[in-house]
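Quick notes on the structure that follows.
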């Protein structure tokens, strides 16, 4: 082999390896089979170019480009100024529908940020490549913290302002507790009293009798009695109003006479 | 294909020659008296010759490691660990390797050039004619001298690397030297230092064997000396890299055996 | 015609031969050494990680970073210093000792350009190529080792690696390689031209060129790392 060829081979090999490295780093992806969509955010805490995109937890693409678009408005009229251009593998494309949602999530030991897409329902339409969709802004941890700081500050303020009344409330609650304790102790004592015990015994007997009584009521005889009364009432019913009135008037007359 | 086989045979030859030479030196060491004054002279000679070089190399190796670690540590906000991590990384792996590379260039090339010149100018044959054993008179003192002094020099380089890291940590990352030193014992433990020392010793033996062997068997005038020096440097480096792996691997195996996991 | 070819500043044929000697000749040694170095890096950094953060999930990324930024370039450059640098110094030194350089001067050819420029170009190009190959060989062997030793398959290795290194790391490694590749033949030729007579002189010139070359590589590496640390 000529030395020119050998040197040339090495040089070519080096260039190919550079390309391989670029491919490994995901800079170029000639074999990829992807579609693109634009996800709009107002806040995208920590997402970087190259962050992974996942559907149902499986990596299907990455964030290609992040750009600021001051003038963009969603069809609903909301201003969203941050555009994340993401590429999604065609394999996962059918699962992403119009009603899919776009979250920003955190994963891994190193705390890598990624874009999670929830699968849409099968009824809604598929997206087409290059569509604009609205992402769900992640909760801003910093705002949350500052809000909770504010809340804590207000609580402290409240306590400090009403220091006298707060301590008053506490002492009253304390007194209440002691009284309650005393009451409880009294109750305890009374429950051990002899009269009390008799009272309880009697109560138990009464309740036993009551149980017997209600038991009787459920027997055949009482059922029959009930039936009879019912029939009687049924027969009484056709005696219409005028007759009753008459009867009552007669009675009334007799009463007056008496 | 035939060339590949020839190349393989050449590699085998090299390894075999080195081993034979090593056993011969050990034999000489065991059965023949060794003149201590010659050894001491060699130690002094080699150490003085390479002191500044090694110290400088060590300093910069430490500084380089500190630069690299600083960037990472900043990202994780753990600059306090810089001292421990950079020193540990330098001590256990990068330091011995790079400083041994330096020494193979310095001591190895120097010794093999000296021996090669002796061989080419027929001084070695003259010694043999005088009835002395060149192995005993020339090779043995150099072998022992190089082992002792390069072990010392490697250790010196490692210590200098700590200073280099400290210096850089102070100027680049703003880590206080006291803090830097305070975190060193948290990560570096006995086994780490032992690994570093074992590596230094192994490299010293490899270096001494190869450079004396290459110098001793030089042929072919001024060109031959040049060739001997080049081949010493290259062979030593390869041997050092392989030994580096071997010591790390054995160290790991031993650690597993000791901890029982 | 002969005069014309002699007076040309760059001699392509010679450059190509030097490139063959530097790049193809050192390829196998460098790939071999760098692979071993990568294996050691993985083993050692897993040891460290286990101490500091109790798990070794960051080892692939960390090792890849160390390999790309330092290890592959420096090991390659140091090996080239001792193989190529010493070779050039011995060659030029022998020419000096055997009075070939004086002969060149007699012929009216400036020996510095005649000998140095082909070597300079060849070494710069060759080092760049070798560093690219070495980096990739190193990464692949690191990947193989982390698969078998740590149990991280290549896909995980790549994901972890992307977190730590970017494409520009390879570019910066190439810049470093070009600088080292230019410095090595300059130092060697300098010592070769100053070679004193005799076998001893050649030996000393070779030794000096290796020593100064290695120191220059380490110092330059420090300076470049420091400078690049503002670029990341």
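Letters A, B and C name the chains as they come in the text, with residue numbers starting at 1 for each one.
Assume a residue touches a chain if its C-beta (ideal position, glycine included) is under 8 Å from a C-beta of that chain, and two chains touch if they have at least 3 such contacts.
A quick note: this is a predicted structure, and the numbers were derived from the prediction, not measured.
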Report task. Could you pull out the chain whose C-alpha mean position is farthest off from that of subunit A? Result -> B
Query raised in the report: By C-alpha centroid distance to the whole-protein centroid, which chain wins?
Result: C
Report summary line: Whole-angstrom distance, CA centroid of subunit B to CA centroid of subunit C, is 19
Report task. Could you give the separation in Å between the centres of subunit A and subunit C, each centre being the mean of its C-alpha atoms? Result -> 62
Report summary line: Taking each chain's mean CA coordinate, subunit A and subunit B are separated, in whole Å, by 66
Query - subunit A contact footprint on subunit C (complex, rising order) - result: 16-17, 19-20, 23-24, 27, 55, 57-58, 125, 128-130, 132-133, 135-136, 139, 158, 161-163, 165-167, 170
**Report entry** List of subunit C residues in touch with subunit B within their complex
**Finding:** 29, 32-33, 36-37, 39-41, 43-45, 47-48, 51-52, 62, 65-66, 69-71, 74-75, 78-79, 81-83, 86-87, 89-91, 93-94, 97-98, 164, 198-204, 206-207, 210-211, 213-215, 218-219, 221-222, 225-226, 229, 232
Query raised in the report: subunit C touches which residues of subunit A in the complex?
Result: 3-4, 6-7, 10-11, 13-15, 17-18, 20-22, 24-27, 50, 109-110, 112
Requested in this report: In the complex, go through subunit B and note every residue touching subunit C.
Outcome: 53, 56-57, 60-61, 63-65, 67-68, 70-72, 81, 84-85, 88-89, 92-94, 97-98, 101-102, 104-106, 109-110, 112-114, 116-117, 120-121, 172, 187, 221-227, 229-230, 233-234, 236-238, 241-242, 244-245, 248-249, 252
